[in-house]
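Each of the next two complexes has chain A plus one other chain: chain B in the first, chain C in the second.
What follows is the complex of A and B.
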């Protein structure tokens, strides 16, 4: 046996567990879901077959389309706001915080990760409530006369999401910023670039992979999340994952739920293709 | 074996002995009230078994779990009383001996043979019931207003109403508000409920699950919960005595949950013992006051076990009147059920 063949065998041997794992727990279930999405319901019974009706409904039924639009709107808002908040935070930690304190600063930034996601969502419900700390403070300061309606709104959903994803984005952006050689910044400054020009033409392009990677992960996790809009949104509007859960938990309409899930995966795939040029998962 | 080698072996042996071992395990597919250790522990002690509980929400989800399981995986199942027939039709419940159940001690309306008995065979027994009506904070609203459902969409309480996120009871309440019996909801009559449902939605602030509804009522986020009842406010009563509930003049919905033995169980005797324990006066009192939510026990003999304070919260003495004024959940056929859920989804996304 040649050395090359031996190496190839070794390579396949090392990759095999991951391939088996991905095949068994992703590819096969996904194919089963796609197959189920072409089934339809007769009464309360799932009838297997090839019926594209669920997909037609997903894109023509006003309720489904609205849920899709709501999901996209919320996800885009959350992604944009999270990037805008996380970038300065990561930059402050990377450039302003002394090196020996950076680890502690990062720890503080990710501390909320340590609490349960569900508990954190319910906590936001209390914070944003009529008697919550935000309304109480604003009332005490005389800035508002009546409590603001914040809980059970899209604002609450976005707030809950942003709180979570700012932490994630801070980590991915920080990982890029810290790798940036100070010499680039000095060279740009020597050549007469102002602070904004240094940021615009040197720092931002070099950290873009980290930003896009974080933004992509935010997009994927946010658009598929059920818990936050369910708890914080107060069902004032439906998102796609909520609609999928309604089909599964209430109606038992697994074919439609599968079709909607495939649509969701299609959106995530499109998001990946749009950002693939910059996505660097090794920077996460 | 040297003393040094014996030490870890002895320690291991002591640990093994310290962990309680059960000869048998009982697997129960339940609602959250059955997860209360205070309910399950006495049975475990008496029979020396471990009861593994898995919580589920919605009959469709429960039946899907059974679909994906092997026969014998599950021994008992708690199910919405109106869905017993559906589970029997799907072959998911086993017959249980009617004479082993103390239904003679039950509130007569809660024996519910029309639900628990199919083709002359008993498949389940009612274990707990209550009402989906109107819960409210009596310091924030006029309690007299809560006696009339029409007030809710009259503008006075706009933005102060929460709706319990379950289509069957709320659509049932909307039907009662329109003078329609819950049993008369079908594909032909359902469209009449759309406008009043949307009007209720317009007047409301949120549509939420049990915990969120409780949180909203307790924190003053909303002052009224449509679809609420003793199950929503009773667990909060100790900390917030201002929370109350009533059945308006148009009536209320009566919910009931049943328990049965899952078809294919490998230990039918133990499963039946669990069912018998749950409907015994002691089991019923514990189930009625379980930590997740309270509700009336189906067995009236539980009144001998409950404390006077617990009975006050449950409105024990008013049950004859409440039972008279309440109607059962609608039992839609598959097509009507789908139409009801579509209407509900549309309402959520309004």
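What follows is the complex of A and C.
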């Protein structure tokens, strides 16, 4: 008995530092932020209290509602497009590429993942800009007469995001696809299923948890991102993180920024609940 | 069908590599703008970048923050994983949940929370505050990787060591850690790359000593320049070297 107690004390001792760190630098700040979201501003000073005004503003002020809608739209488009583009790529790597080349193919498919995050968005600016590579090429080929306006549009933001998440999703979906036993596919084929039927009734259902987990991750990272819409979208339309940064920076309105962050958190939680049936964070 | 697959793969790779290729190509631009036409090959932007004192300072800061915060995150994560995987503690599900929780929260929100607390406690923003934030984002990762890697095989070895009279720190240092060398290295390298590349926490939680992504961000404000391409290409080179090293050292050996 004493041995068990001793062991337990040791266990507490080992887990304590991590818990204290997470508590002090994550849980506590998070709660402080939630508390701050109920404060309000008088001039440039924060007045603490219990005031839901910031939340009312978040859902009634046109700028805020628009930012919320923009964020949701962009995130949903990005998530859908990324999954649709990444699945075939992962499938080709898993089923068409010879086994000995698969690791290399995968490593190559995600190599630009390791470019600096800020630089990646900047690089898309060089591709999509007024004088960028795409416009120059199209002009030289005589396909267009005037340069296309692509930078500082939603198209650019979505492209930058899709680029990043296609790589991420190719990885996660591939990991799920190669876990499929080839016997399942053979059995389905023996039973007379066509290619499409095998995919629809065997491969897709078995890989769905992985796909949904990846899609959830995409959703979370995309909706909380500031850099990509800021660099590529310009200021034509604001997303929620851009609005939060504006509130902190220019107006110094931390209570409102906090409330908007709590709203952002809420959306992520809703997304989690919606996909919780399939999401397995331990399987990422 | 087969031809279509290869075509799709080719187009996908083109899409994936297009921005990086453009980035690297125009870092050698002789002209003043990193867009077509290409006016000739030049290394002047690399020269400029490598001679830029602010940029090199930022590089040093990034490296320091990445290594120190990752090492701390790995230690905390490893110890916690060891405890939760080996010892039956009440509320262990809850503790696992808390340790993983920061993974599901946007970095922006983590940064805002920390900014609020540091502000009200009067803690000055510095590389230390950035590092604290980076430990928060990397601890879940390190914990999860270590926790997943702890199997029964290690358990027996640890028990044997304990029976032979090893103290707990000796068990951890001479038995558990070496047996988990591959996942520990993977967790460390991943943390380093995440911290190295992290922008929003570093941007909000420091004032004067900035990290590399923040310095690059401020370079962007003055418009397009091949100098930014040069920095970006260098960072890419470093990251790819790290990834390839990881691939060779850790995963090869794991096989």
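By definition in this document, the second predicted complex is superposed on the first by the 265 of 284 C-alpha atoms of A that agree within 3 Å, B and C clash if a C-alpha of one lies under 4 Å from a C-alpha of the other, contacts with A are read in each partner's own complex, and residues count from 1 in each chain.
Please note the rule applied: a residue touches a chain if its C-beta (ideal position, glycine included) is under 8 Å from a C-beta of that chain, and two chains touch if they have at least 3 such contacts.
As the structure is a prediction and not an experimental result, all values here were calculated from the model.
Superimposing the complexes on chain A yields a three-chain arrangement in which chain B and chain C clash. In the superposed model, C is the one of chain B and chain C that contacts more residues of chain A. Legend: residue contacts after superposition of the two complexes on their common chain; A:183 is shown touching neither chain B nor chain C. Contacts of A:122 after superposition on the shared chain: both chain B and chain C are touched.
In the superposition on chain A, contact of A:131 is made with both chain B and chain C.
In the superposition on chain A, A:36 makes contact with chain C only, not with chain B. Once the two complexes are laid over each other on the shared chain, residue contacts for A:250 go to chain B alone; chain C is not touched.
By the touch criterion stated above, A:152 is placed in contact with chain B alone, chain C being left untouched. Within the superposed three-chain model, A:63 lies in touch with chain B and out of touch with chain C [touch as defined at top]. In the superposition on chain A, chain A positions 122, 125-126, 129, 131-132, 231, 248, 254 are in contact with chain B in one complex as well as with chain C in the other. Touching chain A in their complex are the following residues of chain C: 2, 5-6, 8-9, 12-13, 15-20, 22-23, 26, 33-37, 75-77, 79-80, 82-84, 86-89, 95, 98-110, 112-117, 120, 132-133, 135-136, 139, 143-144, 148, 168, 193, 197-200, 204, 212-213, 216-217, 220, 224, 228-229, 231-232, 235-236, 239-240, 242-243, 247. Those residues of chain B whose C-beta lies close enough to touch chain A in the complex are 57-58, 60-61, 63-64, 86, 159, 165, 167, 205-209, 211-212, 215-216, 219-221, 333-335, 337-338, 341-342, 345-346, 348-349.
For chain A in complex with chain C, the residues that touch the partner chain are 7-8, 10-15, 17-19, 21-23, 25-30, 32-33, 36, 85, 88-89, 92-93, 96, 107-109, 111-112, 114-120, 122-127, 129, 131-133, 136, 163, 166-167, 220-221, 223-227, 231, 241, 244-245, 248, 254, 257-258, 261, 264-265, 268, 272, 281-282.
Those residues of chain A whose C-beta lies close enough to touch chain B in the complex are 41, 43-44, 62-63, 66-67, 70, 122, 125-126, 129-132, 149, 151-152, 230-231, 234-238, 243, 246, 248-254.
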